[in-house]
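In order of appearance the chains are A, B and C, and numbering begins at 1 in each one.
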Amino acid sequence: MVPGSRSEARSELPVVEAEGLIRAFGGRRAVDGVSLTLHGGECLALFGPNGAGKTTLLRLLAGLLAPSAGRCLVGGVSLRADGGRAARSRVGLISHASMLYSALTARENVEFAARMYGLRRPAEAALRALKAMRVADRADSAVRALSRGLQQRVSIARAIVHEPLLLLCDEPYTGLDEVGSAALTEALGERRAHGAALLLVTHNLSEGLALATHAAIMRRGRFVRLEERGQVDGASYASAYRELVTADV
Amino acid sequence: MSESTVARPIALDADAPALPGLLRASWLVAQKDLAIEFRTRTAFFSALVFALLGLTIFYFAWDPTAVASIDLAPGVLWVIFTFSGLLGLQRSFGVEQADRAMDALLAAPVEREAIYLGKAAANFLFVAGVQVVAIPAVALFYNVPLGSIWLSLTGIAVLAALGIVAVGTLFSAMAVNTRLAELLLPMLSLPFFVPIVMAAAQTTSRLLAGRPESEAWPWLRILLGFDLVFMLACAIAFPYTLDE
Amino acid sequence: MTTPITGRPSTSSAGGADANTAGDGARSRPALIDGWIVAAALAVIAAYVRIIWFTPPEATQGLAQKIYYLHLPAALNAYLAFGVVFVTSIVYLWLHEERADLVAESSAEVGLLFTTVVLITGPIWAKPIWGTWWTWDARLTLTLFLWFIYAGYLLLRGAIVEPSLRARYSAVLGILGALLIPFIHMSVYLFRTLHPMPIVLKPDRPSLPPEMLHTLIFSFLAFVLVYLALVRARYRLSLERVRLAALEGSLEGGR
C-alpha cells in the first residue's frame, strides 16, 4: 500500500474515468450506473455477491462488451475511439481462465500476445514478462505440461507483457495454491508500484484488502459502498459485506 | 475517489507500440493457428485419413461394371472435399474456447475482422493441405487422368476451398457457442456447400470428358460469384456474432 | 436504446388495434382462436369450395391439377415468409429490436410449415402427371433447399438458450440464407429444368383462362391470410414466453 498517494495521484491523469456506465442484456441491467475514477498506483478491490455485475463491469472496461450507455475513458481515450482498439491497448486482463493455448509453449503464448499488442521487440518483452513472473525457466514447456499455478503465472505474464496502464483481474486467485497466490500478489503489487491501476474482483476479502488502496462492494449493478482502504476496518467490513450478500438471498 | 477530471489523452512516447493493422493481425492469428495445428497434427491427419477412407468406401459402394469409375470420380472428389473440410473447420474455434483464449483475442487491440480473416486463412491452408493428398489419391484409386487437367483442377480447388472456408469459418465461430456444436456445423454449412460442390463437380467432369472449356464457364461463374459474395458477407457478419 | 419487453402492461400492441391484445393480469387471456384465425379459416374453406366445385378441371392434367391451387400459393408464401425472416433479421442487427427477432422466429416456423406443404403437394401432383413421385426439377429442388435452410434456422435457435445470442446468430443465418437462395436457384436451373412452363408468372399475360386465374389469386390471398394469422398467433406466443421469462427472472431476485 502506498500511503499518501492520493494527493499526488490527483494531479495525474486518471487511468480510468467512468461515468454512468450501464450495460443491459435484454431488459435486465447487469451494470446500472457505475461511476468510477482510478489513478495510477491505486488498486480497487471489488467485492459483491454472484450476479452483482462485477464481471460485466470488468468486461466493459476490457473492451469485450460495449456499454449500453454512459462514457468511459481508459488512459485518456474513450472506449469507443478507433473501434475500441486505442483503449484496449492500454488494458491487461487476468481471469480465472488462463486464456492460453495449451498446445503452445509459455514463450509462444506470451510472444503472440506481445505481437498482437504491437510491441516492437516481442521476444524480449515476452522473456522479461516471464522472468517477472518467475516462470522463465519453463518458457519452452508446453502450457498443458505446466501445473495450474504455473499456467496462471504464464497467463499473468501474457497480461502484463505490454505494460498496461490498467490491469483487470477477475477472481485471479481461484485455484491457486499458497505459492501461486503469493507470486500473484507480488506481481500485482509490482505492477502497481510501476504506476498501473488495478481493479481486482474477488470473493476473498482478505486477499483483496491486502493489495487494495480502495474497496467497493457491488450489488445489483451498482456500487453500494466505495471507500479508501484506510477507512476500512477489516472485521466490520467483513460483517457488513456478509450482511449485504445474505440480504439478496 | 475524486470526481472525474477533464480528460486529455496521455501523450504517447516514442517507444510506444504500433497497433497491428488488419492484415498484420490476420497474419498473426493465422500463424498462431497453424502453429497449434502443426504442434498437434491430430486434426490434419484425421481429416486426411477420413478423406482417404471416404474415397475407398465410395469406390466399393458402386458396381464397377455399371458405373465407370471415371464417371464417379468428380462427384466423390468434391463430396469428400467438403466433408473432410468440415473436420478441419470443427476445430477452428475450438482452440479458442478451451481456456477462454477468445477473451484474450477480443481484448487485444486488433480489429475483430482480423480474427475471422486469420482463422479463415489458416483453415484454407488446412483444406488445401488435405487436397494435396486427396486429389492424387482420387487419380490413383479411380484411375482418372487428373494430371491432364491439373492446372484447371487447381484453380477449381482454390475457388472451392475459398467458398468452403469463408462460410465454414463463420459457422464454426457460431457453432462453438451452441449446445450441439459438432452436429450444428455440418447442418448449417452443407446447404451452403451445395453450389460449390455442384459447380466444382460439374466443371471437373466436363473437363475430364474433354468438352470445351466454354461449357464449364457458367459453372465457374457461379463459383466465383459465390466466393465473392460470401467472403464479403461472412467477414462483415463476423463481428455481429460477437457479444458486443 | 431499445424498448425492453419486461412485465409492463402493454401499451404497444403488435400490429393492428385488436381488442384481444394481451394486457396485464386483470384482463382475460387472449383467445387462442381470434378474429384473424377465423377469417383465415373461412378464406381457406371458401377457396377450397371454389377450387373443387366452381373451377373447371384442366384439359390435359385433369383433376390432379387442382392441387396446383394449393401448391403454388403455398410456395409463394413460403418464399414470402423467408423474405420476412430476411428483413426482420436485418432490422434486428441494425436496431437490436427484440421484437424483430420474435417476428423472424414466428415467420420461420410458419414458413417451414408452408414449405412442407409444398414438398408434399408437389409429389402428389407429380405422380399422376409425370409418373414418379419425385422429380428433381428446378423449382421443387429449390424449395427443398428452402426447407433445409428453415430447418437449419430453427435447429440453430433450438441449440441456443441465451436469448440475445440466439437472436444475433439467427439474424446472421437469416441474412446468409437469403443470400444463398439465388445461388441455389442458379445452380439447380443450370443443372436441369423439368418443371412445367410457368403458366402464371410470365412477364406478359398469364396464359391461364380467367376462372382458373381468379381461383389461383383467391387461393393465394387465402394463404396470405393464413400466413398472417399464424405468424400473429405465434408471435404473441413468443411475447408471452418472453414476459414469463422476465417475470421468473425478477422473482429470483436481484439478478
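Throughout what follows, a residue touches a chain if its C-beta (ideal position, glycine included) is under 8 Å from a C-beta of that chain, and two chains touch if they have at least 3 such contacts.
Here the structure is a predicted model, which is why all the values come from computation and not from measurement.
Novice: When I count C-beta pairs in contact, which pair ends up with more: A-C or B-C?
Specialist: Looking at contacts between chains, B-C has the larger number.
Novice: Return the chain label for which the distance between chain Cα mean and whole-protein Cα mean is smallest.
Specialist: B
Novice: Once you find the CA centre of subunit A and the CA centre of subunit B, what distance in Å lies between them?
Specialist: Result: the chain centres lie 37 Å from each other.
Novice: Determine the centre-to-centre distance between subunit A and subunit C, using the mean Cα coordinates as centres, and give it in whole Å.
Specialist: A distance of 49 Å separates the two centres.
Novice: Just how far, in Å, is the C-alpha centre of subunit C from the one of subunit B?
Specialist: One centre to the other, that is 33 Å.
Novice: Do you know which subunit C residues sit against two or more other chains?
Specialist: Answer for subunit C, listing residues that touch two or more other chains: 164.
Novice: Where in subunit A do residues touch two or more of the other chains?
Specialist: Residue numbers touching two or more other chains: none in subunit A.
Novice: Could you list which residues of subunit B touch at least two other chains?
Specialist: 243
Novice: For subunit B, which residues are in contact with subunit A within the complex?
Specialist: Touch list, subunit B to subunit A: 1-5, 7-10, 15, 17-20, 25, 28, 32, 35-36, 39-40, 95, 98-101, 103-112, 243-244.
Novice: Quick check: in the complex, which residue numbers of subunit C touch subunit A?
Specialist: Touching subunit A: residues 1, 4-6, 98, 163-164, 246, 249, 253-255 of subunit C.
Novice: In their complex, what parts of subunit C are in touch with subunit B?
Specialist: Spelled out, the residues of subunit C in touch with subunit B are 93, 145, 148-149, 151-152, 155-156, 159-161, 164-165, 168-169, 171-173, 175-177, 179-180, 183-184, 186-187, 190-191.
Novice: Which part of subunit B faces subunit C closely enough to touch in the complex?
Specialist: It comes out as residues 167, 170, 174, 177-180, 184, 187-188, 190-192, 194-195, 198-199, 202, 218-219, 222, 225-226, 229-230, 233-234, 237, 240-241, 243.
Novice: Quick one: in the complex, what on subunit A touches subunit C?
Specialist: Contact set of subunit A toward subunit C: 24-28, 49, 51, 68-69, 219-220, 248-249.
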